[in-house]
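Here the chain labels run A, B, C, D, E and F in written order, and each chain numbers its own residues starting at 1.
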């Protein structure tokens, strides 16, 4: 069950409101690298967690923290929209040259939300819950979480670089720090499970006779006019300890030429496609 | 530039066509764990790759292989739909008890595609390109790729378990094998870059003074009625070598109570919300 | 800032797991009538609330409760999937006649989530955050909230009717009760603001000279072959106290016939559409 | 059956074309507050209306009027795009300083639609029919309709404030007027059904023994550090006449701690999650 | 301006209600081959039509007819849902063996719409207005319309084959007939414009010096292991009368190997990707 | 099976990088008129092609070419973003007046992709695979392909007009040329099948007794206040050779007034809608 404190997790200040930065911050709320995504991803993973109960608790606890990050970002967007023009008079008074041009701002901050945050990204595209990755496989989920925190910290760093507002820089430095930790928190779960090697290949519960293992350890170079690049992917022991990596250059197809023959009657094809005997 | 051989990468046979399994296989084509996703993800990462050119070649070469996987799966779907009923007469002849009930099949395989594959998942939801993760940051991208291959192999294993068709089992064992390799191929890139530790925190180019490092290494336990679970996430050196992990139980908010005050005139709010002085 | 208790808001029991009911319950999680929607809608309204601070607190507090409803429903879905078949052997052992047909279940509960809840509706369509209605206008928002709780209680009642599981009926009777209250909670806010009449027309801050008031109070009957139905919409005082309702039968257009003339050069039209003088 | 007059419902004039305003007007066509939404919502509600046939006629008649609003808005968009630049020469001739920068315009008005309206919102996001709310429950539907007209009038007022074009202001004042009426038209239906009190809780056909009524009338304050705000939601008779409102401060969870135990074999989990006995 | 008659364009009868067929009919309402699509496509094309005003009138008039088709299909769906079970008792009474299994029906017809039509396809996926193709180029639009009517008639024929209900067959034979005409109606517009040859290449207003015409008339065979198939695409005069078709077998790339070099500082890349001099 | 050459199909140069043009080019990658669409459409049509195998080869070969077009466009986007500002200092150094305003650029090129292409359109909306039209009917598919190439060439021409960059103009002239050919390539398939007349009505395999042919050849003028426009659609032989076109002015409805009567008990309707006898 969830509870709420009226105060924010960390102070959020804006020195100089900037509607364009409000638009950019939306990526951290409703973008695929954003906080709705991690909050909901950890929440759904927690609700499906099987096995070690400590991991379920970590997931639910961190989902809860990420909800608090949405809350701070929502406030940051509203503060950046404070004083934004809402009428022709205001807009032209502010910047007569621009003649009411919205520039880089999100027009729906004015038209739709009344100068506050929306669950959309920096292009105004709403967040779509298909981005919640929760497979029921703990290793796949932990990797998805490290990935989400990695792209999240990339985004927070880019936002930091784009602003010169001290309040916003301070707030973003907090988000950058928490993303630093969360990347490693999920890697720590993998370490608790015996380390990445022991988890590979994911799922490690697939019996070996379900796998055509002669195809499990070569790099397939499909480039016609270049040799395979040399590197660890083509030599040395595999990370799961079962084999050696190798390279297969300019592979030939092993399968058949696919053909479906004629269409059935009543299948909605053209007469020319139909075999009357089928 | 792309080229094509008329033959498939690997043989695809179906012993006994099964429209329900055709519906399930769609997840491997148009699902978020599927092959359109990895093909396009590696393709877009390749087109944005900066730095070591070997990684761009790996990405483009593997994107090309994944396109061949879509092709095999598309053929597998069509073969499973071979002979499926397309009219009331056929449907009821097949199974008079069912009285033309479609059961677990995808009705659009009959209504929309003429008994062949579609770029949709097992629920019939079309694939959406927002799932192509390509950040321009090589570590974030490699982690995204390991994740995609992990969930892909989980899916292929589940499909393998669900069928008793020998042709399909053979084909899926090939996909399982390639997913085994590709998981490790992307980890091999990270090893070439100096190992995961050297890449953390992602992005490792963010200057330390952009980060509130006092918040970078503690696990925040937001659970009110349980202690933080004990584990590697709460003790020992951080994986980036910069600090030690610790735990913060039952944290208190550090920020302000957010308030936006009254609305502006002409902002579309109700009169009761408006401060006439603004 | 959010916090979490490890226990559920209300007990969730399932007497006899049923994968089909798991699929139906998804509508209450990821459907437009579901709990993600209300949780996020109240959360975003709270973050944009201006005026009376009590309303912001109500919104955030209730958003928090709705998060707890998602949590219970997620657990209910997982319990209904307990013991569902995951392999051909199990599926055919359970019901040899069905021959592994998935029937009414969601195949992605097996293929994608590992027998747990997903943020999708009963058709497997992911929830899309464009359904979060938060306008910054308190009356429009409260009406949206009453609407959401009304369709939510309709859904919960339909789910109640569809199951005969005592555990599920008990749980749904709790959700039905909370929806009863929340419908009236948001109406209570409108009463605090002076009642619905005082809030009409929404927004009540629009000056009267922005409105062609001669068009504000008649019912327009666009049906060619029927008189306007008689009722309160066509007679009596308007609810905002400004006028009387009336009826306009078989209205004639008042505007011009629209025509755009020829296309510009270089606009990508066909030659036949282009006026070379433009 | 539908019919059409060649003329518009109301005159649409633009004094000074403005591509930015064309972009903003799109919100009133393809936004969730827009006219496609209400036209289609009333249409689908009409097609599913059961009970009093007058309500079906109202719904279909008003759906028809809203189609005419789409038509006017589409013409308004095209008129605002009249003369917009379509080539580098034109763009730079118009505004050499801007050097062909599109500013706040929608680039797809040039690239995709040939200077005319599209079924998208002000961010260029296409309208999605999941926003058509039609539950088959007349009270839920009427509330959804009042909501739609409320947010529609908020939007029209914001557009009115943003423009100084006399033609556009006149046209928008007509839309504002019709939204005034339609808000009250749907409330009039509720009055015909006996008033809002008689319709509560929605659905009013749910038997009382399907409802855990001990949970139906209290406000649940989930805020840890604030008392519940005082107001009508916490005291006085409920609006459905069945009880009294009360407040429950700082509630404790009543349910169990959810746990799913170990995963099944063949379910695609990691070995570490699997209980071999299941 | 639109108007409405209370009666349907054509009689719609259902002899034996069938919830599965209700689900299939949804494809004709909310599928990409369906009636919402053509109604809205012709409507938006009409609103952007430039040049010959007769074409605008055809578009608007046919958009209006297609709205009437949505209306009939909506009624057909509701009639097929007449008497469908809405409770466990009913469902099990009807078919005790099935034990309340929904089979091929759309569960949201019960849960969400109250046994009536929704703007979704046969998978329950909502229609998305990005499918409205309206380019402002009359030839491209007419081709899009012929395409839409072709796939629409394929769908209607498949639905006809799937049912044995006389009422439904009669109704579908009407839709099939109208699709027959509409395919040719749009081709007739092309004939009025001088025939397809005169319209090619679309847009025919592009100056020849905007086109690398040496690349405009050869078939490029990218298949490595097969000769180009022989046919009209590789020989004979081009349909636009400007050249002859030819074949280019196994083409070599003409462009450069793309490389982006190192990343910029502050671009969010990893250190290893960054060139400090940029 | 697919293969790849490291070089591009055609040289791609940018004389003067322009982030706004990068944003516009996205329409040719991820727009409905773009190259992902045609690549995937031809690919899925090929995988479902029945009948003449030459057509399957054409489809797969051209799908492969279109993948190479995506690749070139992706590089063009990255080259146009070369040197774009990524920090406040850079942005303001470039254009102090603009004060870091993003203007017409796509902010996600900076925030999300690290200055490279994304699978989105010019509004930043991701491509959605529901736009892959592949019906299994060869005539419907060929028409869809001509349509796609027509709108593709319209788009390429508009992009050509919008830029003054010589490199980009050269590249776009190549795309314009290939679209010229591909429009006619698909028409050539129709000619090989006997010409368009022989293919009409699509599907030409529908038996005549499935069609209410008395409704197959008239233009229905639903405009109340205008006569039907005169033209080929209303007179002369039908293109399928079966009849003559005619006109039906101001048609009257032939069907019944639809009514659904009262709702069932337990269907979730309001009491006022329910017939207790049902």
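The definition used in the following text is that a contact is a pair of C-beta atoms (placed from the backbone, for glycine too) under 8 Å apart; a residue touches a chain by one contact, two chains touch by 3 or more.
The chain list, named the UniProt way, goes like this: A, B, C, D, E, F = Mn-containing catalase.
Fair warning: this is a prediction, and the values are worked out from it, not measured in the lab.
Chemist: Using the contact definition stated above, find the chains touching both chain B (Mn-containing catalase) and chain C (Mn-containing catalase).
Modeler: A, D, E, F
Chemist: Which chain's mean C-alpha position is the greatest distance from chain E (Mn-containing catalase)'s?
Modeler: A
Chemist: Of the other chains, whose C-alpha centre is the longest way from the centre of chain D (Mn-containing catalase)?
Modeler: B
Chemist: For A-B, find its twin among C-D, C-F or B-C: the pair where over half of the contact pairs carry the same residue numbers.
Modeler: Equivalent contacts to A-B are found in C-D.
Chemist: Give, as an integer number of Å, the spacing between the C-alpha centres of chain E (Mn-containing catalase) and chain D (Mn-containing catalase).
Modeler: Each chain's C-alpha centroid was found; their separation is 26 Å.
Chemist: Using CA atom averages as chain centres, what separation in Å is found between chain A (Mn-containing catalase) and chain E (Mn-containing catalase)?
Modeler: Chain A (Mn-containing catalase) and chain E (Mn-containing catalase) have C-alpha centres separated by 31 Å.
Chemist: Residue numbers in chain A (Mn-containing catalase) touching 2 or more other chains?
Modeler: If we look for residues of chain A (Mn-containing catalase) contacting two or more partner chains, we find 1-9, 32-33, 47-48, 50, 53, 57, 60-61, 64-65, 68, 71, 75, 78, 86-87, 103, 112, 114-116, 120, 123-126, 128, 130, 135-137, 139, 154-155, 157-158, 161, 202-203, 205, 222-224, 226, 251, 253, 255, 258, 260, 263, 266-269.
Chemist: Per the contact definition, I'd like the list of chain D (Mn-containing catalase) residues that touch chain E (Mn-containing catalase) in the complex.
Modeler: So the residues of chain D (Mn-containing catalase) touching chain E (Mn-containing catalase) come out as 1-9, 30, 36, 40, 43-44, 47-48, 50, 57, 60-61, 63-65, 67-68, 70-71, 74-75, 78, 112-120, 126-130, 132, 134-137.
Chemist: Touching residues of chain A (Mn-containing catalase) toward chain F (Mn-containing catalase) in the complex: what are they?
Modeler: Checking each residue of chain A (Mn-containing catalase) against chain F (Mn-containing catalase) gives 20, 23-24, 27, 31-33, 103-104, 121-125, 154-155, 158-159, 161-164, 222-226, 251, 253, 255, 258-263, 265, 267-274.
Chemist: For chain F (Mn-containing catalase), which residues count as touching chain C (Mn-containing catalase) in their complex?
Modeler: 154-155, 157-158, 161, 266-268
Chemist: Which bits of chain B (Mn-containing catalase) are touching chain A (Mn-containing catalase) when the two form their complex?
Modeler: It is residues 3, 5-12, 32-33, 53-55, 57-58, 60-62, 64-65, 68, 71-72, 75, 78, 82-83, 86-87, 90, 114-116, 125, 128, 130-131, 133, 135, 137, 139-140, 143-144, 146-147, 149-151, 153-154, 157, 160, 169-170, 172-174, 176-181, 183-185, 187-189, 191-192, 196, 200-203, 205-206, 210-224, 226, 228-233, 238-240, 245, 251-258, 260, 263-264, 266-269 of chain B (Mn-containing catalase) that touch chain A (Mn-containing catalase).
Chemist: Under the stated contact criterion, what part of chain E (Mn-containing catalase) meets chain C (Mn-containing catalase) in this complex?
Modeler: 1-7, 47-53, 56, 86-89, 91, 100-103, 105-108, 110-112, 114, 120, 123-126, 135-139, 193-194, 199, 202-205
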